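One chain, subunit A, links the two complexes that follow: it is found with subunit B in the first and with subunit C in the second.
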Partner chain A sequence: MESKFKVDGAGTWYDTTDLAWRMNEYDEYAIEQAVQLKEQVGDADVTVLCIGSDRVKEPMKKALAMGCDRGVQVADDAVSGKEPFEIASIIATFARDKNFDVIFTGMQSQDRGSAQVGVLVAEMLNLPSVSTVVDFSYQDGGVTAKRELEGGIKAIVKLKTPALFTCQLGLNTPRYPTLPNIMKAKKKELLSIPVGDLLQADPRQQTTTVYFPEKKGGGLVLEGDVAELAGQLVQILKEKTSVLSR
Partner chain B sequence: MNVLLVAEYRDNKLLASAQELIGFARKLGADAQMFLVGSKAALPAFDGTIYLADASQYGEFNPEAHKSLLLGVIEETKPDLIVFSHSSYGWDLAPRIACSLKAAQISEVVDIADGAMVVPLCNAKLRRQVKSSTPVTVVTLQAGAFGAVEDSGGTAEVKEIATDAPSALSFEGYEAAEAGGVDLSKSEVIVSAGRGIGKPENVAMIDELAQALGGDYGASRPVVDSEWVEHNRQVGTTGQTVSPKLYVACGISGAIQHLAGMKKSEFIVAINTDRDAPIGEVADVLVVADLKQFVPALTEKLKAG
Partner chain C sequence: MKFELSEEQSLIRETVRDFAEAEIAPSAAQRDEDERFDRELMFDALAELGLTGIIFPEQYDGAGADYISYAIAVEELSRVCASTGVTLSAHISLCANPIYLFGTDEQKEGFLAPLARGEKLGAFGLTEPSAGSDAGGTKTTARRDGAEWILNGSKIFITNAGDAEVYVVLARTDKEAAKHHGISAFIVEKGTPGFSFGKKESKMGIRSSPTMEIVFEECRIPAANLLGEEGGGFKVAMKTLDGGRIGIASQALGIAQGALDQAVAYAKERTQFDRPITAFQGVSFQLADMATQTEAARLMVYNAAYRASAGLSYSQASAMAKLMASETAMKVTTQAVQILGGYGYTREFPVERMMRDAKITEIYEGTSEIQRLVIGSALTR
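Entry: the complex of A and B
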């Protein structure tokens, strides 16, 4: 989801047509950590859940090819209008009777970036949770996790499962699915549940408008032939900075 | 309006973001009180009540205890708005509080306009205005979006608070940032590589340009997370904060976390194929070009004198 954005017709979200879609980057780290945990303990079963239209089936297939055992699509064509509390409530309702030992989420989404959903799910399920995790190690039901703080400092935290972790970039190195695993993933279960079966919350906030930020201006924009641009920039650096006068 | 500001404390120090919370309250013209798990020895100048819990007793990071303490203060002060920084502490505690209060949480507020909170969308490429529909609202503020109040004045009335909430989680202490071999804060020129460099082999051309300019090369977070460049060259919130005479951002879109680490540079050049990239907001010169062609061309020009 990295291309030219446009505001949608209603003026309350970005236009979702003509965009290239991929898995939320933070979620890739969450999936990788779940698969690594499965590989470590051996006897584990990993469910990957995603809320959205049929568009989400592609990234879910990737998750299955990375090593998840089953996929659950919560089918919702109106997912982009749902606020973090509603999203968390859907996930919590699904997870409530499943007795998951560990839940991993991305620490935020790349579009909304609220950094709320994972922690909200944990609170709704009364599970302990650690947010913005950059290091995770599991042994005999106990987890040592490191949270990333400002300035590159990490806070070390210990707790017992069941627990929820929100995954920060750099937690691990998400694998590329291999061709044999992509083939195997085609045989894995991919369930679909209508969102109405799981959503039990009303929205607590509304988007009134979406727009492009005003350009603060002042900056000079150079476009054109690369060689000429390089010459122009050298001239500007000579005039405006002292770094070339040595 | 009555607001409760949640200040932060780390490594036995009050974090400077407290002054931004005060700045936000002033902008609203609101009555403000403050919550802090910290120490009497490190309080901000603040014209109001500070509800203080002792960090040495509860731990600087202890979500369950901090939640319980804060809910107690909210019960007593009945704020309309509970204000956190959009930081590792705020990300963790704000949703817990919002969930308990059945309150809307609006994350990463950058402004207030038309009676709504303004937040970024799609990594700051767009803006979104949001209105809460709950009686109490939790907000987190983007770092730097509301000016820090230099002289907040006043001597706070301190009320000490306590809790006996149990904790399922034990905080074991901090791990220092990776010791850097490269101290970019002293560099006069920094050329930084972003995701736009495309592949690790292209770090070399960034390094060459840095050398031609007599400086050092740095990188944005995605490049470091991909292990194309070592962490001790990362510029941004979780890396180094720099202010060189010249900063050249190559293929860096300009996420707020990166901007926070470099926007005080004296002169900023951005090279990006996307003329709408947020880095353009802080750049003195934006060169709209493919860096893989432009960077070598610039290096050549510089070497030719």
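Entry: the complex of A and C
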């Protein structure tokens, strides 16, 4: 049963009771891109990492069923209280001695939405990074990435690996994990590391309040015949918006 | 006792639901209107997901999942399109499964594996004008002629017929034997000379799933296509229907859930007398009953599926689950139409189709009356 999304008792996060959980959508694009890159280069090994309670094992199995080779759960029941710098520090500590050629992260999480973790990890590992990637191609150690800027503007960035990319929605079409692969994911390696082994940073910020925006007034219902309605609408657009000039 | 899905079962639900909503749902109303079976979408795409061999071992190119996963897959497909749900259910439960349960190694290699891979679509021929609930009334005959069997007769109301490549067919091989003992099961391939298709039915519901008559006229098949023992066809049919009931119960459950979801979404949006209609107890009590009945049906369906996977007897559990789920589907879809009112009665909203689709679940794979007979006779035996 799924309950309604609401702010928790402490007022600093949301109430997780009875929520249905699934993979962060941005991460699905990151995983798909990693698996596509592996399929392209052949000799590659993809590790998927997720920080959280045992609840994260199910989305990690999805990642394994989509084609990742192994999973690493950084076991942390209190992950929702951690801020982006701490999260990034955990990932960077894990990745530091692994020599990953490419790291893909979601552009942001769907809950906290800071969009900081990926780029912070890159900084901590001293890697170049490209954020908000909407197209990715790899050739001989070089990557051409298209990124999305405000207002629909795009930019093309070329760089050498190792590098980190934060993935925007629409980067690719994440595959459905097939049933045989879901069953086989059971047999893939899924490591669990206590968060204490990897967390080396102190929190630098604290979320003090989470709240729903105040309800604005309801919509305005116009009445009258068509000519009157059109007249009223034009008047409102002129007076209350910048759609029509006065 | 654990009432929680495993991580795999839960992932299978998420995957099939995402797939069903994104790929199957958008064309469901139009396919219903056109009475069109879209094989690429309703079967080939299921094969790509690995659904067409879901319960069979990897050895036969199946996914190696359990019956609960199968029930969930049929449920989630049927939640948006009952025609797609029954396509998979008939393929798995009625054609591939009897070959898995009763087939020789050669039959499993030759027929089950291509069915599981989804290269071939399966169907099952039991019902005749004078046989259906009464499998012993089978009039279609098979007589031995050297290294072949020759089939004569016809079968009606065959799901997937016409498009399917592999058919499991019941025929009388011994006219002298007592009613239930003279029947045998055979595997017949589309394209065999003497095997043709008759009338395509125009139906009230599941209109996107083809239902046809199949006809045998001096149709010769290899002796090696006898499925199970000669004279053992009644047992094949009964075992097949036990499994089939889980499939149809899951289809009914999916229809009920689909209608409930539609009714809840609508009731939250719809305002009358300046209030959302959920503020009226008349509506919210109805929704509460629909949700409660659907959840009860779900527990019974998953219980039957669990028993099938655990190797426990499940004849009675699947009959009860099918009875409960199909009658729930009929009730819940009817209530959903009522909640949507005038809109519910139009084809602009899916509950009208769901109500038409629900009716068949009380009829095929054993009518509700037959389920009561199965349950009742087990109680008083």
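We adopt the following convention: the second predicted complex is superposed on the first by the 215 of 246 C-alpha atoms of A that agree within 3 Å, B and C clash if a C-alpha of one lies under 4 Å from a C-alpha of the other, contacts with A are read in each partner's own complex, and residues count from 1 in each chain.
Definition applied: contacts are C-beta pairs under 8 Å (C-beta built on N, C-alpha and C of every residue); 3 or more make two chains touch, one makes a residue touch a chain.
No experiment lies behind these values; they were computed from the predicted model shown.
> Between subunit B and subunit C, whom does A:N181 touch in the aligned arrangement: first, second, both, or neither?
Second partner only, subunit C.
> Applying the document's definition of touch, where does A:V243 land relative to subunit B and subunit C: first, second, both, or neither?
first
> Tell me which partner A:R70 touches in the superposition: subunit B (first), subunit C (second), both or neither.
neither
> Quick check on the superposed pair: does A:R22 touch subunit B, subunit C, both, or neither? Answer first, second, both or neither.
The second partner, subunit C, only.
> Of the two partner chains, subunit B (first) and subunit C (second), which one does A:K38 touch, if any: first, second, both, or neither?
In the superposition, A:K38 contacts neither subunit B nor subunit C.
> Looking at subunit A, does subunit C or subunit B touch more of its residues?
Here the partner covering more residues of subunit A is B.
> Mind working out whether A:R55 is in touch with subunit B, subunit C, both or neither, as first, second, both or neither?
A:R55 sits against neither subunit B nor subunit C.
> Residue by residue on subunit A, keep only those touching subunit B in one complex and subunit C in the other, then list them.
Residues common to the subunit A contacts of subunit C and of subunit B do not exist here, since the sets are disjoint.
> Quick check: in the complex, which residue numbers of subunit A touch subunit C?
Going through subunit A, the ones touching subunit C are 22, 57-58, 61-62, 65, 176-183, 185-186.
> Touching subunit A in the complex: which residues of subunit C?
Against subunit A, subunit C makes touches at 7-8, 10-12, 14-15, 18-19, 48-51, 54, 58, 62-65, 69, 73.
> Across the complex, what residues on subunit A touch subunit B?
1, 4-5, 7, 14, 83-85, 107-108, 110-116, 119-120, 123-124, 128-132, 144, 146-160, 163, 169-170, 173, 203-213, 215-216, 218-223, 226-227, 229-231, 233-234, 236-237, 240-244, 246
> Using the touch definition up top, name the residues of subunit B that touch subunit A in the complex.
Within the complex, subunit B contacts subunit A at residues 10-11, 60-61, 63-64, 86-88, 91-92, 94-96, 98-100, 102-108, 114, 116, 120-134, 140, 168-178, 188-189, 213-215, 221-222, 224-225, 227, 231, 234, 237-239, 245-246, 266-267, 269, 274-276, 278, 280-290, 293-294, 297-298, 300-302.
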